[in-house]
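Both of the next two complexes hold chain A, though its partner changes from chain B to chain C.
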Partner chain A sequence: MDTLMALLTVITQPQLLLLVGVGTFAGVYVGAIPGLSVTMAVSILISFTFSWDVYPAISLMVGIYMGGVYGGSRTAILLNIPGAPCAIATAMDGYPMAQRGEAGQAIGVTTTMSFFGGLVGILVLAIAAPLVSDFALRFQPRDYMLLAVLGILLVGSLSPGSLLKGIFAGALGIAVGAVGRDPLTFTERFTFDFSLLDGGISFIAVMIGMFGVSEALLQLRHVATPTVRQKITRVVPSWKTVRKHLPLSLQSSTIGVVIGALPGTGGDIASLMAYDYAKRTTKKPEREFGDGAMEGLVAPETANNAAVGGAFIPMMTLGIPGDAVTAIMIGALFIHGLNPGPMLMVDQPEMFWFIVGALVTANCFMLLFGLTGIKLFTKIVEMPRSVLIPLIMLLSIVGAYAVNNSITDVYWMLGFGVFGYFLRHYGYPLGPVILGVILSRLLDDNWRRAIISEREDLWRFFDGVVSSPLSLTLMLGVILVFVSQTRLWSFAKSLLPRRKSPQEGD
Partner chain B sequence: MKKTVFGAVSALVLGISGATAQDFPSKEIQGIIQWGAGGSTDTVMRSVTPHAEEALGATIVMQNMTGGVGAIALNHVTSAKADGYTLLMGAENPLLYKVMGLGNKDYTDFIPLILLARGTPLLLANNDAPYDDYQGFIDYVKAHPGEVRIGATGPGGLSSVITAMMNEVEGDLDMIKVPYDGDGPALTAMQGGAVDVMPAVLGAAIEAVRAGNMKTLAVFDVEQNKNLPDTPIVTSFNEQYNTFLPWGSFFGVFAPKGTPDDVVAKLSDAFGTAAVNPEFLALMDDRGFKMMNISGDEAQAFLTKWQQGTTWLLHEAGLTKASPEEFGIARPGE
Partner chain C sequence: MKDNEPDSCTDSAVPANGINSARKPGELVFTAFLCIASVYLLWEAYGIAGFEALSSPGAVPMATTAAMAISSVILLVRAIRLPRARAGVIAESVVPGVFVVFVLLLLAFSVLLKPLGFVPTAALFLVVAIKILGRRSWGFTIVVSLASLLVIWLVFRVGFTVLMPPGIVPEAEFIQFLRNVFGGGRS
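Right after this comes the complex of A and B.
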C-alpha cells in the first residue's frame, strides 16, 4: 500500500505533476539544441532547486532527463544535426525521411518508440533493479574492453559506401579521442606541447562541427533549390506499424537497459549498438538502411530511452551512477539530506517508488509533447535555406560555446566542421568518426586496466577471457560480428542456397 | 570642455574603484568548481554556497570547469581580474601540480577565503578478500607478492599518497596498481572484484560500507572515527604512521592574489557564516568530513604544511616529475 502511494505521489500532487510536465517540456527543447545538454541542465538545476524540498527538485530533474534524451532526435531528423550524442544513429535514417517529406511520420514513430523504450526501461527498473545491478557489477575491465571492440565493429554498419573509408574515419575518431592528458596517468598524449591541447578535444564540439557546420556548408550548394514540403497528415503511427516493429523494439530496449545500467556506458553507445543490431537482423526492410528505413529509427530511439531507466538501476540500488546525469542526481539527493547508496532502497523505499512514478509520468508527458507541435517543428525544414543555414551556424556556435563556456571549443567545432565538409565530399562517412571518439576512452582505459591487472601477460589475459562466461560470450560476439563482415562469410552463405537449389530442382 | 570630460572620467574611475571597496558585491560572483558535477568537491560547494549567498546578499553562479586535473579551472581564475568576482572552488590537488609537472601555478597564487573541511582516508577491501584487517592485508601482500590488485586514481590522487605512505612505512609492497579515473569508478570496480583493495576518502565509501558491500581494513587517522567505530586506526597497527598523519584531502574557496583586503574579508566572513550553518554541518557529518572552517594565516599555514609533507612523501616514493626543492618547497620540519 505504501509502495502504491509512493508510486502515485507525482500524480496525486498537482504541483509535482506540473513540475514533471514543465521539466519534460524544457527537456525536449534543451535536448533538441546541439550543445545544450541534459547534464548541463540538471547541474544548473541543483543550485536552482537548493532551497526546495527533495520531491519537487527530483521531479523537475527527472522530467528534463526523460525529455532531453528524446529531444535530440528532433534536430537529427529535421536537420541531420543530432541534438545530443544519443541521437546520432537517429539521423542516419531520420534525415532521409525528412528529405522525402516524411518528417511528420518520422517524428511520430520516433516519439511512440521512445515512449515504448522508456516504458520498458522503467519496468525493468521497477521489477528487476537488484538483479540487473548485480549483473552490471560483474563486468570486468576486459568485458568493457570487449564491449568497446564490439562497438568499433559497428563501423561496418555506419559506413554506407566504402568500408575502408569507414575504418579510416573510425580510426581518426579514436585518435581524436586520445588527445590530451590521459585521465589515468595524466601523461600528455598528442599534445605537441601545446597547453591548449592539454584538456583534450571536446567530443561535443567535434560532434556539432561534423554534423552541424558541415551540413550547413553542404546545404550552401543548394541554396536556390526549393525546400521539400512536409506531409504531416499521418503523425501518430498506425497500430499496424507499431505491431510490426514490436519485436525489434523489445530487443533494442533490452540492449538499451543493459548498456544504460553499466556504469561508464550510456544512451549514446546503446543507441548505436541497437541501430547496428537492427541493421543486421532486419531481413527485408521496406527501404534500405541509410535511405529512410523505419527500423533505423525504431531501434536507436527505443534503446536510448530504455537506457534512462537502465541508468537509474545502479543509482537506486547501489548509489553508483549509470551515466553523467545520474551522477549529478546522486549529488542532488545528497545535498537534499538523503544518503544515496545501497541503503537508500532499504531505509527509504518510498524514494525509489517516487522516482519510478516520476519517470512514468515524464514518459507520458514526453509522448504528449512529442506528438503535438510537430506542425510547428516541420516548418523549420520548410524555411528557405538562406534563413535556415545561418540559423544552423548560430545554433552550432552557441552550442559549442555552452558546453564548457570556452571559445576554444568554438574554434574546434568550426575546424571540424570544415574538415567534415571535405570528408563528406570525398565519401568518408562521419558516423564512424563520432563512434571512434565515443569509444576511444572506453577501449583505451579498459584495455590498459585489463592487461595491467593480468601483470601485462597476454596469456593470462586470454585465460581470463576464456574462463569467464560473460567475457567468453562477448568474445564470441566480437568474432561472429567480425567474421560476418568478411568475404569468408559471404562465401559460406553463397554455398547454402546452392545446396538448396538442386533440391528445389528435383 | 576637456576638463569636464576628464573630470567625469576620473570621477567615474574613482566611483568604480570606490564601489569595489564599499559596495562589494555589486554584481554576480562566479564560482568556478574545479571538478565535474556530482563529485565530492561539487556537492560540498553546492551545499555551502547558498548559505554564503545569504550571508553576502549576492548571487554566486557556480560553474563546473573540468579538465587537466583541475588545472584548467585554476588557470582560468588566476587569469581573471582579482576583484573578488571570480572565485575558485577547489580541492587539495593543485598543491601537487608543480612537482607533478601539471602546471606552474598552485594555491600560492591565491588567497584562501576558507578551508572548509577535510576528508579522512580509509583502506577498503572487497568482501571476498582473504583478510579482515590492516595487518592481515600487509601479511598477505608480503606472502603473495605481485598478486593483490590495488585501485589507483593517478599520480597525486589520494590513493597514490596512501600507497606511498604504506610503502614508506611497511617497506616496498609488491602490488598491481590498476588505474581508474576517480575513486567512484574504482570503488565500483572493487565491488565487482576487478580490484581487491582501494584507499579512498571516507565520504565516497561510507554508504557502501554501511550496506556491507565492502569491508574496511583501517582508518588512516590518528583518532577513532565516530562514523566507523569498529574500524581500527592505522596507527594502532604501526606507530610509524604518526609521522604522516593526520593527512587528508580538503576543500576550499580561493580568490586570486591581489584581491583587495576588504573584499577578501567580506567573502571570508560570508563563507565562515555558511560553514557553521547547522544544515550544512549535518550534511558534512553524515558523509564523514571533518570540519575545518579556517581562513587567513591559519589556512595559509595549513596549506604550506600540507604541501611540504605530501610533495616530499611523493618525491621520496619516486612519483614526482620534479623535486619540491626546485619550487622552494621546504622539507617538512625544516
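Right after this comes the complex of A and C.
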C-alpha cells in the first residue's frame, strides 16, 4: 500500500504533476534544439533547484530527461540534424521520410514508439531494481571500486576515438574529484597551498563548464547554419502501423534497457545498436534502410527511451550512474542529503517508487506533447543561434553562481569551459570526466576500505578478487574493455572462422 | 556517420572524431600541455603521502595521475608520428577570433557581476553578444536582449528565487514592490 502511495505521489500532488509536465515540455524543446543538450539543461538546473525540496527538484529533472531523450528525434527527422546524439540513428531514415513529405508520419511513429520504449524501460526498472539492490547489499568495497572503474572505462571505450583519450578523461575526472581535504585523514590533496581549494572544486561548476560553456563556445563556429522548413501533416499514427512494429520495438527495448543499465553507457549506444539490429533482422523492409525505412526509426527510438529506465537501475541500486544525466542526478541527490545506493532502497523505498511514478508520468506527458503542438514547435526550433548561444552562456554563469553564491565557482566554470572546449576539439570525450568527478569519492573510499580489510596486502586483495565470483566477473569486465581496444583483439578476431551472413553489411 | 558519434546520449551532437589520420593544427601543443600537466600532478600526488601505504590518501590520486601521465605520453608519441594535416593556421581553426572575443566577454561578465549587479551586467553581455553574432540592427538586438533577460529574471529570480548579486540595482525593493502590488502585501 505504501508502495502504491509512493508511486502515485506525483499524480496526487498537483504541484509535482505540474513540474513533471513543465519539465517534459521543456525537455522536448531542449532536446530538439541543436546546441542545447539534456546534460547541459539538467546540470544548469541542479543549481537552481537545490534550495527546493527533493521531490519537486527530482520531478523537474526526470521530466527534462525523459522529454530530452525523445526531443532529439524531432530535429533529426525535420532538419537532418540530430538534436542529441541518441537521435543520430533516427536521422538516417527519418530525414528521407521527411523529404518525401512523410514527416508527420515519421514524428507520429517516433513518438508512439518512444513512449512504448520508455514504458518497457520503466517496467524493467520497477521489477529489476529491488532485486538488484538486494543483491547489491552483498557487494564488497572492492566490488564497488571495480564497478566504478568499469563504468568509467566503458564510457571511455565506447566513445569515438581511442580508449587512451577516454582513460585520460576518466582519470582527469577522478583527480578533479580528489581536490581538497581528504575526508578520512584531512590531508590536503592537490590544493597547491591555496586555502580556496580546501573544500574542493564544486562539481556543478565543472559540469556546467564542460557541458554548458564548452558546448556554447564550440557552437560559435556554426552560427551561420541556415534553418530548413518542413511541412507537417498527419501526426497520430494508425493502429495498424503501430501493431506491425510492435515485435521489433519490444526487441529493441530490450537492447535499450540492457545497454542503459550498464554503468556509463546510455541511449546513444543503445540506439545505434538497435538500428544495427533492425537492419540485420528485418527481412523485407518496405523501403531500404537509409532510404526511409520505418523500422530504422522504430528501433533506435524505442531503444533510447528504454535506456532511460535502464540507466536508473545502477543509479538507484548501486549509486553508480548509468549515463551522464544520471551522474548529475546522483549529484543532485547528494545535495539533498540522500545517498543513492543499496541502502537508499532499504531505508527510503518511497523515494525509489516516487521516481518510478515520476518517470511514468513524464512518459505520458511526452506522448501528449509529442503528438500535439507541432506548429509551436517549428517556431521555437527556428530560434537563431546568435540569440541561443549568449543565452546558454548567461544561464551557465547564473547556474554556477547560484549554488554557493560564489564568484570563484564562476571562474572554475569558465576555466573548465575553455579547457572542455579544447578537449572536445581534439576528440577527448567529456562523459568520462563527469563520471570520474562523481565517482571519485566512491572509488577512493572503497579502495581504501578494501585494501585496509586485506591488511594492506596487494596479493591478498587479488586473492579476494579471484575467489569471489562477482569480483572476478567485474575484474574480467575491466580486462576485457582493455583488451578489446588493443591489436591483440583484432588479431584474435581475425583468427576466428568467418561466419558472417551476407546481409551483415557492416 | 560512424565517425561522428559523440560521447554521450545526452550531449548535443557535436562531431568529435578521436581517430585522426592526420594531426589537427595545435594538437601537438595541446597534447604536450596535457603531458606536462599530468606529470606535474603526478609529482603533486606523490607529495601527498609518498609510498607510505596502499590505503594512504595519496594512493588513488597517484594511480589516476599516473594513468593520465602514461596515456598522455602515448598520445603525444602518436601525435608526433602523425603527418601534419595541412598548413593550417591555429588562429583560424582552433581559436577563431570569435572564440577569443567570447571568452573575454565571459570573463568580463564574471568580473563585473559582483560590483555592477546581475541585471545591468547581463543586459550589457546579451546586447554585445547578440550584436556580434547576429549582426542585426541595434533595435532588434536591444529588444531581443532585454526581452529574454526579463524572462530569465522572472523565471530564475522570482520563480526559482535564485539570489544574484544586486549590485547597483535596488532589486529587493523592487521585488517587494511587486509582491505588494500582486499579493496585497502578504509577504
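Quick note on the criterion: the second predicted complex is superposed on the first by the 269 of 506 C-alpha atoms of A that agree within 3 Å, B and C clash if a C-alpha of one lies under 4 Å from a C-alpha of the other, contacts with A are read in each partner's own complex, and residues count from 1 in each chain.
As a working rule, a residue touches a chain if its C-beta (ideal position, glycine included) is under 8 Å from a C-beta of that chain, and two chains touch if they have at least 3 such contacts.
The shown structure was predicted, so the numbers you read here are calculated from the model rather than taken from an experiment.
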Practice item. Check the residue A:185 against both partner chains and state whether it touches chain B (first), chain C (second), both, or neither. Key: both
Check your understanding: Just chain B (first), just chain C (second), both, or neither: which does A:448 touch?
Key -> both
Practice item. Go through the superposed model and pick first if A:361 touches only chain B, second if only chain C, both, or neither. Key: neither
Exercise for review: Look at A:39 in the shared chain and tell me whether it touches chain B only, chain C only, both, or neither; answer first, second, both or neither.
Suggested key: both
Review point. Is A:307 touching the first partner chain B, the second partner chain C, both, or neither of them?
Key: second
Review point. A:253 contacts which: chain B (first), chain C (second), both, neither?
Key: neither
Practice item. Would you sort A:51 into first (chain B), second (chain C), both or neither based on which partner it touches? Key: both
**Study point:** Dominant contact partner of chain A by residue count, chain C or chain B
**Key:** C
Check your understanding: Given the touch rule stated above, what does A:397 touch, chain B (first), chain C (second), both, or neither?
Key -> second
Review point. Can A:220 be said to touch chain B (first), chain C (second), both, or neither?
Key: second
Exercise for review: Overlap the chain B and chain C contact sets on chain A and report the shared residues.
Suggested key: 39, 42, 47, 51, 184-185, 324, 405, 448, 452
Study note, to complete from the structure: The answer for chain A against chain C in the complex is residues 34-40, 42, 47-49, 51, 65, 68-69, 72, 81-88, 92, 155, 159-162, 164-165, 167-168, 171-172, 174-175, 178, 182, 184-185, 187-190, 192, 211, 213, 215, 217-221, 223, 266-272, 304, 307, 323-325, 384-387, 389-391, 393-395, 397-398, 401-402, 405, 407, 410-411, 414, 417-418, 421-422, 424-432, 436, 440, 443-444, 447-448, 451-452, 456, 458
Practice item. Spell out the residues on chain B that touch chain A in their complex, using ranges where they run on. Key: 36-39, 42-43, 46-47, 49-50, 62-69, 71-72, 100, 102, 146, 149, 154-156, 176-181, 184-185, 188-189, 191-195, 206-208, 210-211, 213, 279, 282-283, 286-287
**Study point:** Partner chain B, residues of chain A touching it in the complex
**Key:** 39, 42-43, 46-47, 50-51, 137-141, 180-181, 183-186, 198-200, 263-264, 314, 318-321, 324, 327-331, 334-335, 337, 339-344, 346, 404-405, 445, 448-449, 452-453, 455
**Study point:** chain A-touching residues of chain C, taken from the complex the two chains share
**Key:** 1, 3-14, 16-20, 24, 27, 30-31, 34, 38, 41, 44-45, 48-49, 53-55, 57-61, 64-65, 67-68, 71-72, 74-75, 94, 96, 98-99, 102-103, 106-107, 109-110, 113-114, 118, 122, 125-126, 129-130, 133-136, 144, 148-149, 152, 156, 160-165
